[in-house]
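Some structures to go through are shown next.
Here subunit A shows up in two complexes: once beside subunit B, once beside subunit C.
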Partner chain A sequence: MNIKKLGKLALPYLVWMLVLVGIPLVMIFILSFMNTDGVSFVGATWTTAAWEKMFSFADPTNLKILGDTFLYALIATVICFLIGYPMAYIVARSPFSNKFVILILTIIPMWSNSLLRNVALKNILSETNILDNLLSRIGLSFSIAFANQDQATFISIIIGLVLTYLPFMILPIYTVIEKIDESLLEASMDLGANRVRTFAKVTFPLSMKGVTTGIIMVFLPCFSGFAIQKLLSSGTVYVLGSLIEANFIHDINFVSMLSIVILILIFGSMMIVAKVDKEGATLV
Partner chain B sequence: MGVRKKEPGRITLFFRRPDVEKVVGSIANLLKYAFFAFFMLLMYLPIFVIAIQSFNQSTGLIYQFNGFTFEHWMNVLTFDLDSSLAKAITTTLLVAVLATAISTVLGTLVAIGIHSLPKKKRQGMVFLNQVPILNADIITGISLMFVFKIVAELIPGVFGIPSLLVAHVFFCMPYVVLSILPKLAELDENLYDAALDLYCKPSAGIVKVIIPAIMPGILTGMLIAFTMSIDDFLISFFNAGQVNNLSIYIYGGYNRRLAPEVYAYNTILSTVIILGLVAMYVVSAAKKRAALKHDLRHA
Partner chain C sequence: MKKLCMLLLVALIPMVAFGCSAKPTLQLLNWGEYINPEMVSAFEDEYDVRVNITIAESNELMEEKIVNDTANFDVVIPSDYMIEKLWDEGYLQKIDLTKLTQYNQANFVTGISTILGEMFTDNDDVDNPYSISIPYFWGVFGIMYNKSLEGLEAYIQEEQWAAIFEPEPTGMFPRALKVAMYDVPRFAYSASLLYADQVGLIDDENALNVYSAEYLELSEDILSQRTYDQWATDMVKKDIEAGLRDLGFVYVGDFFDTFLILTEDATTAEEALALTDHIGIIVPDSTIAFYDGMVIPADAENVDLAHQFIDFFLRPEVAYENSGIVGYTPCLEAVIQMIKNGTEGDVIRAAMASNPNLPFNPSDAPVFGGKPLVAFSDDITSEIIAMTVRVKTN
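Entry: the complex of A and B
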């Protein structure tokens, strides 16, 4: 087998990955326990100042930001799942011969700049918006009334996150549902299960892998991003990413510490979801 | 199969009667598609607004339609833009095209390499390849920033287009590798052996045998790489130095009015991509049909 000799083509990639993934990870960890001047270690000492800045109960500002960030990401992910799963299911089980076209339809929004889409969304969600202005000419109106500014900000951010990351939930779930062997469903029905039971005991457990990927793909950017939150709140809402944005030039140690918080969450969410998946697999 | 006779004394539940079931079924179907259409519409609403804004006469009022104009489209097409927007668009397109080209070529070779490794090593590399995809963009951005900060001590001026390009290749390449690997798994390795037996050099074997066979995967990877690069904000934000790409430009203007040409540029770009895809789809469908006809005629 001559092709086995081509394995050496992968070697530079290993080096490239280790340099660009491995070294920074070690640096992030070390820098979070130091007080360096940028990346220069001259005169730096070990300290837990960065950690105290975050987890200080005397001044819980940063802890509250962490909580808010988590809340936004969690709510957006749950809503994405509740909307995305049925959408993926509907496409995968639709009688249309050409699912490719429907699939492309879910991807097309991704070819518009995601921040620009949120700028447009901000316009739509304003009390006087361009759609209302256009519709008013034919006697219709389109305006969403919020109870107060806080509620408006909160709901706008959730809508922005959901609409931006919904395709990332739909696509992996669609892929797994599409691949489920239909004879399994027939078998379930033949053995007396109705459609609801077939879905709960066969389809859903078999789609857990897609759900896992979907949840990770939505939760992580919602938790770690800051641009959508800033755009839709006009800069009034602070999330974990905003702290990184505010400090990345002057306080690298604090930024490293914040990165570790996100890394722990990346790791944690993958573990939790992997566990759910395992239990789901035993249900079959 | 015989016709099932109605058993005497058997009660059919109202909602199990065939006629009722049919009506309920079609209502459920209708609701299903209404649900799908509603959320699709929501996803498209911002894009409609972007398109509307691209034709909106600019008077400073973005919350109303001030009249139809082609001006912004013409400004984009003739590249008559204010300098910061022009620079942002140039940077975005330059980096996207270069990063896509580089990550497609290198990603193809790397994918072939990974595919040829023994099982254990291959699984390790596939996992490593997924790290940048599953990692949060902000972590990737900060990680790369640290590396470039060290590099900048040796080579000042690395921040800007060079760092942006390396960063984009870094996060685009895994998608290329990932879309090629399944195609390699389908590849008949005897073909490559045959090519080498017939005195092909390994390099020629790759170019003439392997690459044509995995072409669909390469094209998919290329498309994903371009899509990711052109829309990236977070990773670019930490690695662009003084340069702006379009996302950074839009983000910087979060509290003021954007130049209306941004809307026109975005509408033009997505239209071109969609038309390109439709054209590709139509051509490949026509080719398939022609091939089928040919086969039938010669059968």
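Entry: the complex of A and C
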């Protein structure tokens, strides 16, 4: 059987993708420029009302939400990078024979449901928490004191996002550093570079693929998700995802527009990945 | 090839078996965990039929399922405003009350009469709201609180809605109150207008069902008077019980749900009351009320069977068993009495229902001002959602 014949086998998949992904995407795009009654096109009119509602300077609420969403995602990504890179580097370069075990340790928490982990985190961060409850039996107490409600909310959300998505930063960076040819580092040292210089001139540039993938794999879910933010702020913080949730039933056009905004961002990042990582080696 | 044929055959068997079933099937569209499955089985056995239950998570999803005609449902259990909307749009048929042997309007609690009295008031073709829907469960909104803060209970009883919407006087409590708001924009909007009427900001007792730019602005101002520590639905009751919030705006059913969870292992009334000593609930004099009613869609296929089903669930003993699963207040006076007197030996529920401090039947109160919400259009609802988003974000 030659490859051409095998290629035909992909046809059902293409049809499947077109019907279940392609057409809905086009529908969402069209809906964002219309005023419809639910998903019914009866009596629908063309309008840019949904886009104006989002990018209105008269009522900047939605823009502020966009900014907040971006800010949370950005800070969480930076912290994930600052923790994740050294960790991936140390594990990959360690003489430890079974590095896999250490990696498994970072993945194990992911085996439990991420929402449950965040419910537990929320409990630990609140005044009456399970640790305090346990420690009080031996006369100790535990509680994290925040200056005010806003600070508590902000810090809780960042901790939640970092704890949830950190493994997505570590793994791609680890994969890339692990693959770097040891002889390149030796060559660098032979030519007189010290360890710092070797890292800056050889290791780090060679690990950029993993860094890009890691950043995108952390940033995107932080930006488009809302469950963690909603849970840890007790519903007092709005992000783009929660706007979609709140408006889903009553304003499908606004929701479509929000989805397009998120999609643009996702496609944009995919293009960056494609540019940096042409073989797509770090994604798998 | 042989294997493939076998596979196809196996795949077909369930379909054939399903198609062969000679029993008529009643299609029920209901909320999740909103019926006692044992009672459904009892109905199936008694009438030798099958009941197929489809679940919807909101009134709007129920509407979608009825309107889109994905299946012909025989009985649906939506809430008040959706019943009115579905009737107005022609998706429901009248219930033939003469076919219901158990039906007697006088059997329903007074709260139900009050709510149904507010239904279809501008509709001349409905002379009896009970002929459109038969009440299934009902309830009101109230203020749930944790008693750990001294003086809070008296403060809430005195201030009612103001306890939720107004910042408390400084120095009244050793620390700032932590207040939770119910995260359904429509409820927050209507409750804030009930508060406005209570404190005299407006003089309009029907404000909860009125939408205007002026009221929207008023509601935004009211909701911005204090910062809420929480906007949530099911978490509110849990957090108040755990002492993480002091008070919150909840369904009264949420309180009783919490009561039953806390008293799961209790065996005596005293034990039950001791376990729930730290939480309380009050119902403001004027509040939002709701009921869920059994209706028959216009395109139902088994109309007679639908009537038999509704009739079955009007039997006091069936409704009693049903209410053991569903935490809301039953609509039949006889059932409430059965629970209060503990005639079936359920001392915990008897302790809960007969406690004069707990509004198990809110219409027992000297003043009962529960009003159902009317349906707002999608455009208005979006405006209200945008308003609460502004309140939370700015």
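Everything that follows uses one rule, which is that the second predicted complex is superposed on the first by the 255 of 284 C-alpha atoms of A that agree within 3 Å, B and C clash if a C-alpha of one lies under 4 Å from a C-alpha of the other, contacts with A are read in each partner's own complex, and residues count from 1 in each chain.
By definition in this document, a contact is a pair of C-beta atoms (placed from the backbone, for glycine too) under 8 Å apart; a residue touches a chain by one contact, two chains touch by 3 or more.
Here the structure is a predicted model, which is why all the values come from computation and not from measurement.
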Subunit B versus subunit C as contact partner of A:Ile155, first or second or both or neither: neither
Of subunit C and subunit B, partner touching more subunit A residues: B
Partner chain in contact with A:Ile23 - subunit B first, subunit C second, else both or neither: first
Partner chain(s) touched by A:Ile144 [first = subunit B, second = subunit C, both, neither]: neither
Which of subunit B and subunit C A:Thr236 touches, first, second, both or neither: second
Contacts of A:Thr128 with subunit B and subunit C, given as first, second, both or neither: both
Touching partner for A:Leu9 - first (subunit B), second (subunit C), both, neither: first
Partner chain(s) touched by A:Ile180 [first = subunit B, second = subunit C, both, neither]: neither
Subunit B versus subunit C as contact partner of A:Ser112, first or second or both or neither: first
Which of subunit B and subunit C A:Asp251 touches, first, second, both or neither: second
Subunit B and subunit C footprints on subunit A, overlapping residues: 38, 126, 128, 234-235
Of subunit B, residues touching subunit A in the complex: 32-33, 35-36, 39-40, 42-47, 49-50, 52-53, 56, 62-65, 109-110, 112-118, 121, 125, 128-129, 131-132, 134-139, 142-147, 149-150, 153, 170, 189, 192-193, 196, 202, 205-206, 227, 230-231, 233-234, 237-238, 246-247, 250-251, 254-255, 258, 262-263, 266, 269-270, 273-274, 277, 281
Of subunit C, residues touching subunit A in the complex: 58, 60, 64, 180, 183, 185, 227-232, 235, 239, 242-244, 378, 381-382, 385-386, 389-390, 392-394
Residue ranges of subunit A touching subunit C (in the complex, touch as defined): 37-38, 53, 59, 61-62, 64-65, 68, 126-128, 149, 234-238, 243, 246-247, 249-251, 254
Subunit A - residues contacting subunit B, complex: 1-14, 16-17, 19-21, 23-25, 27-28, 31, 38-40, 83, 86-87, 90-91, 100, 104-106, 108-121, 123-124, 126, 128-131, 133-134, 163, 166-167, 216, 220-221, 223-227, 230-231, 234-235, 241, 244-245, 248, 252, 255-256, 259, 262-263, 266, 270
